[in-house]
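Following are the structures in question.
Shared chain: chain A. Partners: chain B in the first complex, chain C in the second.
And then the complex of A and B:
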């Protein structure tokens, strides 16, 4: 029985009668091509979603981060050799970050980063056959928000599904926290979050708030935020 | 043959709890009657250079008995589960990495292989690793009088003339694995196959309802 949009699907289900634009259908995580024409095979459990005109994906649980090109991630420097650093971004292998991929870096003047430091970087390439590569500049060689993060901050790991919820434009959580506390936050698509505020007490409170919200449903979080606003 | 009517042909009660461990990417505690296992899945994670495969993920399974180190029998379970995992996973999506499945036996009161396979599939589903299809396993025993008992407990399967374990996929209910012991004829084998196939439908439904609840709460 073919699944339709909005259904709960499990691996092995087939989606037929796809909407395509000029013969092209875009598929996101959890969907793969099927032997039959105009069909897709589901490979993850979750809700089947569709965005007009031709995008399909499965919204389900994801635990381990899998690098994707263009993702903004928070990583921890774990090795340093010559001009290249190895950064732990929570995926199956360490990503490499060249020391020259920082704004204004030259062979003589390199950023001062040590093992254990935290960086906010963008994934330049993420092929499954190759080591993923990070950069801390955009295509104009400007740092923007990217680069080393202050060691005064605090790094915590949250659920990947919660990252997507936090980054949702409609999610009022960070906005509400911003009314009470003055803080900086860097949310990586890999589930690592860096928080910094004026004092340790505030940082810890923010951490507890995020951990508490992680366990709650979206509706509950929105309701609590509305009451506080 | 009706699976529901006959008392011999009833499955023991299946129960599960997802995400019981914090460190693995997917974990489940699954009980079938008094047989209980915990399964944990890590993956895709870093792999040792000797075990690295350049075209697909290497799948490693570990079966831990209640106490002591794994023996020869446990190694057999390990290899059965490993073969099943390798067939059901889309391992080509994760080259140069490994997927580790750990099964911890908690209580063994018969049908441990079936229970372990089902727990393993559940844990993989929970971890969000891509799979080609789901697998479900059911076992049955044939006693001296030629009567079939679905999902036998330890007493029944020890006394039985023959024991069968089958694993099916959820697309066309094809056989993924078949493990038998004892003496039986072809007709009895086929009858056992049909019996287990029917029982597996209930397990697929169970997977679906449990995962649906889990995802509704988390996403």
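And then the complex of A and C:
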């Protein structure tokens, strides 16, 4: 039975009767071209989504992060060797972060980072065969919002789908939380979220709120937020 | 796959929370997570979940030659498997420290405390005995595997039935379950492990640590206890200053908990045998459906977002007398008894015109008295809310 848009699909399912524009269909994650004409093969479990006129993708509760060039991620320093740190960004391999890739860092003056510290960084390169490389500066050698994160907050892991939902412009959750609490947050595309606020209790409440929102659909979350706005 | 590093901020955060007598999941220091025990369709198949930690135990048996040192005793072996299903950094068939510790503690707790009557497992001295093997598989690791595994192993052993046998001379005939009723194992006492995590050099001791708490803790104290408050094993992993008193206090507390757990195991066993007698099909279906997602996560979210939300909800349901300033002044009451919708009320409320609450101690009978029409002339363009 061919799957239709909105269905839950599993790897091996075939999607037929695609909508295409000038003979072109765009496929997102979780889909693969099929031998047969005008068919797609599902390679990941999740909900089949479609955006008109011709974009298909599969949305699932994914927790494994695949590095992508340009992504902003929250990483954990796991090793320090010479001028290079190994940072855990949740992908299959550790990423490397040179100590010189911080704003104002020179060979003599380097940021003081220990194993277990958290950094907010951008992926400079992400290749299948090479270890990904992180930087904490932009192309003008300015840090912007990047750099080491204070050790007062808390780091939690959420699923990648929820990250996208949180960062969605239409999602009112962070705005609503901002009305109630004063807090800083760094959301990495790798599913790691660093939160900090003035006191521990607020941070804990924020953590519980995010974990609760993760379980709920975007509609429900929006509804709750609207009620309070 | 390597184990993920616990960040410094997580460590700091947990310690700070503990100093304020709070745990991340809202439990008290000596509170345990929810325990559920379910049995499978087979004898000796047990699924235990403690919070999000999940363990599956299965007992199997075969006939073996006994050990020469104990020719008249059966053999019992406990085997904990850590496979990548439980946590990504677990590797199958690899003897990690955790693997060795888990196996040793379970062995100490169940086998060395002589919980199972091994002599009844003897078929023929020095030749044939039953060998029981308990396989414990960790399905999800969210801290405190040992408690979960010990409960699973014990419940599985208590649930297990071995096939009946008959001996005639040299031959031994094993009867299948359908042929003859299987025989249950004799269990002298029920030892379970209770674990505590020790923080701040012995200042803070929390029960049933989660994965994060285990990682941050200075030391872990695991106490094996049975229902008669007899200690069957004690293990202190890590480094912490502890005075003997605190260990004794922990043991007393653990004894209480052990009693609860054992009662629970016995209750579930009794329920299971009752179901089997009635011929109701048993399986994990019920366990899996009940352990699905958090139902009240939306409630939790709204609670975190705002605490006055609860009050606001009350206000809507409360008796509200509205006097409007338009030409035809009339009384609006948005209460179920008076048939008027709350739509009239809401815009007035948003304008924020003189909204006040009368304390909820006033009973509804008073409200009826306020409603009379003399009231509306006194206060034009105002809202009166009465809880």
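To be clear about the criterion, the second predicted complex is superposed on the first by the 170 of 229 C-alpha atoms of A that agree within 3 Å, B and C clash if a C-alpha of one lies under 4 Å from a C-alpha of the other, contacts with A are read in each partner's own complex, and residues count from 1 in each chain.
Simple rule for what comes next: a contact is a pair of C-beta atoms (placed from the backbone, for glycine too) under 8 Å apart; a residue touches a chain by one contact, two chains touch by 3 or more.
Everything numeric in this text was worked out from a predicted model, so none of it was measured.
Contact with chain C, but none with chain B, is seen for A:213 once the two complexes are overlaid on the shared chain. In the superposed model, A:88 makes contact with chain C only, not with chain B. In the superposition on chain A, A:152 contacts chain C only, with no contact to chain B. Once chain A of one complex is fitted onto chain A of the other, the partner contacts of A:180 are limited to chain C, with no touch recorded for chain B. Ranked by how many residues of chain A each touches, chain B and chain C are led by C. Contacts of A:103 after superposition on the shared chain: neither chain B nor chain C is touched. Residues 92 of chain A touch chain B in one complex and chain C in the other. Listed in rising order, the residues of chain C touching chain A in the complex are 1, 4-13, 16-17, 20, 22, 24, 26, 293-294, 297-298, 300-302, 304-306, 309.
The residues of chain B lying in touch with chain A in their complex are 25-26, 42-47, 54, 88, 90, 93-98, 125-128, 130-134, 169-171, 207-208, 211-212, 214-215, 217-219.
If you check the complex, the residues on chain A that touch chain C are 76-78, 88, 92, 114-118, 149-155, 176-177, 180, 194, 200-201, 203-209, 211-213, 215-216, 220-221, 224-225, 227-228. Taken together, the chain A residues at the contact with chain B in this complex read 8, 10-12, 30, 32, 41, 43-47, 59-64, 66, 92-93, 128-129, 159, 161, 217.
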